[in-house]
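First the structure, which I've put down as structure tokens, then a few questions once you've had a look.
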Amino acid sequence: MALDWLETIAQHRVFDLAHPLEPAMPVSPNHPGYRMALVRRHGDIVRSDGGSAANEMIVLGGHTGTHLDALAHVSHDGLLYGGVDAARAQRGGRFQCLGIDEVEPIFARGVLLDVPRFRGVDVLPAAEPIGADELRRVAHAQGVDLPRGGAVLIRSGWAHHWSDPHTYLGHTSGVPGPDASAAEWIAAAQPRVTGHDSMAYEHLPPGAGHAVLPAHRVLLVEHGVHIIENLDLERLAAQQMYEFLFVCLPLKFVGATGSPVRPIAVAP
Amino acid sequence: MALDWLETIAQHRVFDLAHPLEPAMPVSPNHPGYRMALVRRHGDIVRSDGGSAANEMIVLGGHTGTHLDALAHVSHDGLLYGGVDAARAQRGGRFQCLGIDEVEPIFARGVLLDVPRFRGVDVLPAAEPIGADELRRVAHAQGVDLPRGGAVLIRSGWAHHWSDPHTYLGHTSGVPGPDASAAEWIAAAQPRVTGHDSMAYEHLPPGAGHAVLPAHRVLLVEHGVHIIENLDLERLAAQQMYEFLFVCLPLKFVGATGSPVRPIAVAP
Amino acid sequence: MALDWLETIAQHRVFDLAHPLEPAMPVSPNHPGYRMALVRRHGDIVRSDGGSAANEMIVLGGHTGTHLDALAHVSHDGLLYGGVDAARAQRGGRFQCLGIDEVEPIFARGVLLDVPRFRGVDVLPAAEPIGADELRRVAHAQGVDLPRGGAVLIRSGWAHHWSDPHTYLGHTSGVPGPDASAAEWIAAAQPRVTGHDSMAYEHLPPGAGHAVLPAHRVLLVEHGVHIIENLDLERLAAQQMYEFLFVCLPLKFVGATGSPVRPIAVAP
Amino acid sequence: MALDWLETIAQHRVFDLAHPLEPAMPVSPNHPGYRMALVRRHGDIVRSDGGSAANEMIVLGGHTGTHLDALAHVSHDGLLYGGVDAARAQRGGRFQCLGIDEVEPIFARGVLLDVPRFRGVDVLPAAEPIGADELRRVAHAQGVDLPRGGAVLIRSGWAHHWSDPHTYLGHTSGVPGPDASAAEWIAAAQPRVTGHDSMAYEHLPPGAGHAVLPAHRVLLVEHGVHIIENLDLERLAAQQMYEFLFVCLPLKFVGATGSPVRPIAVAP
């Protein structure tokens, strides 16, 4: 006696947009590495009925793997989004406001803007900026508009390098990504979140590292738009799936600035 | 130009079924405690343009807070689900199969069976078993059937005690929960997952602790049904929302036995 | 052809003054719990010659178990020892000065003041203050004076309760320990370090918790004397060993405020 | 009224043989990285009297930085030192025997064998083996014999590369160190411990990594001699201090395979 809408939507295809979490994955040097160790293994303790359990201890950062940035993550001139004083918000060792625990579940319309497909290449070159003009043309070519209150995912194809942390992080070669004009254009559409398939979301020129992060300033600080980094958009792009239900459910680490996530795109 | 189905579903109500993650929450003594510490705070390093970032280090278990059990979590007589040899699967320090990283996103029909409402109480008493017969009558009274491939959520109201870890864990007093007959009845419906609002999912008699965990054996080992523990079903129950879209997206910790999750229920 | 002094001293008795580190031990709620998990076990990976290795991941606080406080640990009115501005010293997320990494190895004369023996009891009662007058009389009775540049260890016998964390922490009942007058008297002797066999070093009245910590202020902030907590002085006291070589070698966690230690007392 | 021997020895020089612990230091990829984060900073919570405290959470491996190997660390053909069954000893997730918590404080005669000085160079070349014959000649030239029950420290000068983790780890170039003959010669003298100034203690040929670790087998498994890795012997060597009191106090992590240490050498 299931409801019709439920019957229908439960048949939709689900695209997993997250990378697996393992020690060898790329990690920004500013953040703790990822480690999982089994505390107990099967056989360590066996219950009277033959049952046994295994479990683990995990160490990670809030910005490990595919993850979402809370608004508390970045400040500008001492202020967080909405003019909140950063020093005051972080007093006590966890953010009193704008932390990841305040992010409501994201369950909204999402669009993918596939830049390399628009250009006819597999992956954008290192250090290639993605500007507002190009994104506008990609959206037009794909026939999508940006979803107010939803999710805007920008693909560079950089996830191809995920298994090669040195290239992926691109400290010397740079990394492709949205520049300030792109961030402004996205923010103007008032989505809740925007994501990219690189570590920093940002366009990084060669050798400059994270000297400045203009897209973070525009999106997080000025417009309150969350950022998702390290997306895996490859399967979604292969299916030319440009519009979908986007679901992202960050863990509520009280007072933290980010959370690993496993976003999905859902479509008929 | 958004698609109709997307316009519609994006308007649905979203119920957050997870507790916040903080050090004071209940933790089973078999599992590592939860801790978050800010590695960097705003002002620690300020970029040339006035930007600054905060981030954290987090320590937790795979079975911290609201979480999902992978099939690798429990064995019986040395075997995991499907007859997999547990000792072999765990060799190397991470599960080669049946780990949390193999759990596909859960996006399916879900039902809530609200036992205390059926009984006309707020919360079940400590150490109260929930049997198959009662669940059958609850389902009938609510007019729902169990969703094959979906989610079966059983409410005891025990989440009322979440902020009082001693009572919630119930080492001396016991904890209400599904007994073996309930687990068999749920498993027979072939859902992908079943969840409860207590630490162990199981009915725990007073003073017995986790001596044996029959529902884990039936569900995880014999039928391959995932278990979610520490759900917060209060808001969902208050709305008498018994049928919904259930979404649960465990993190892909490679080779681990569980993951904190933030499940949601979605309904018009 | 070993040197004479070496031959002699290497025959001395060595008293281990540290508790073992395990998850069940007492931990102050302000500090992270202790956990150790084996990352690899023997057999996980076997080298071509039959060799295999096991290793672990450990999570702890700088103030876990028997530990030494760096001068960076406590401030008063915003200032650390020597008038160092605490806010400035901690900027960057690790102490630029007065951290545990600046503590030179401690290899010096030490004395034990055994208060319960002086009183003719096994253990001091909960919430019992130890004042300067009594310590002066204990020292006189034992025939020791305080070692300038050395170590002053005060015994209450509270280590008897180590295996019972509830009693040991004494949140409701209080804990015996040196009061402000004792701290002043010890500081006047200019030792490098003073230690005690409780979690806080301080006298804690019933139900007051760590409302104020006067001995920390006097010792760490005003006089630059390090504090060791959670010593196990039982074997030393049983031998009535009141004067000895004291060795304590804190780990150099750069910029941290404390380190677990395993101090020893050495005597003929 | 201090004792004479105490007055004398407390004047001796103390040489610190440990590297500082910080995230940028070399870490073997088999082991967890090191991280320290301040949980609380001064000002987060201020007591009524103006007092405030800072503390931290630390993640590390038992084999982080300068550290000592317990006998549980390495097995050969499934057996630990003394024929102990490795699988049985590690059941439960912590070693029931031969763990680091069983290592008594080391307070004994120590000698330094300075190989590069004997050769007239600053640092041995990468991938250079140190054999028993050469060590015998070094000991003779220096006029020391090996201390039964004591410590034998072998210097290659490799600590010069500590601040350059790529070179220090030497995955491609190899690392100098004692070969199997050296380990046999050292073990025959029955010291309690032997140490070296590299990550693996062992001679590592170019590109071979840790394919086999013969010195670990000889020392830990066959003779029960502990190994210290990543020593900083530079100051000791600069003073040509070849015989000394050696003190090393591993933390008692119950059931673990190693501990960071801060060994010292003490001499008039």
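For clarity, chains are labelled A, B, C and D in written order, and residue numbers in each chain start from 1.
Criterion: a residue touches a chain if its C-beta (ideal position, glycine included) is under 8 Å from a C-beta of that chain, and two chains touch if they have at least 3 such contacts.
This one's a predicted model, so the numbers in the text were calculated from it and none came from an experiment.
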item: Chain pair with more C-beta contacts, C-D versus B-C; value: C-D
item: Relative orientation of copies chain A and chain C, as a Cα rotation angle in degrees, nearest 5; value: 180
item: Inter-centroid spacing, chain C versus chain A (mean Cα positions, whole Å); value: 45
item: Rounded Å distance, chain B centre to chain C centre (Cα mean); value: 42
item: Cα-centroid distance, chain C relative to chain D, in whole angstrom; value: 24
item: In chain D, residues with contacts to at least two other chains; value: 32, 35, 37-41, 43, 56-57, 59, 93
item: Interfacial residue positions of chain C with respect to chain B in the complex; value: 32-33, 35, 37-41, 43-45, 59, 91-93
item: Contact footprint of chain A on chain C as seen in their complex; value: 35, 37-39, 41, 56-57, 59
item: Partner chain B, residues of chain A touching it in the complex; value: 1-3, 5-10, 12, 14, 16, 18-22, 30-32, 36-43, 47-63, 65, 72-78, 80, 86-87, 90, 93-95, 101, 104-105, 107-109, 143-145, 147, 149-150, 210-214, 216-217, 243-245, 247, 249-258, 260-264, 266, 268
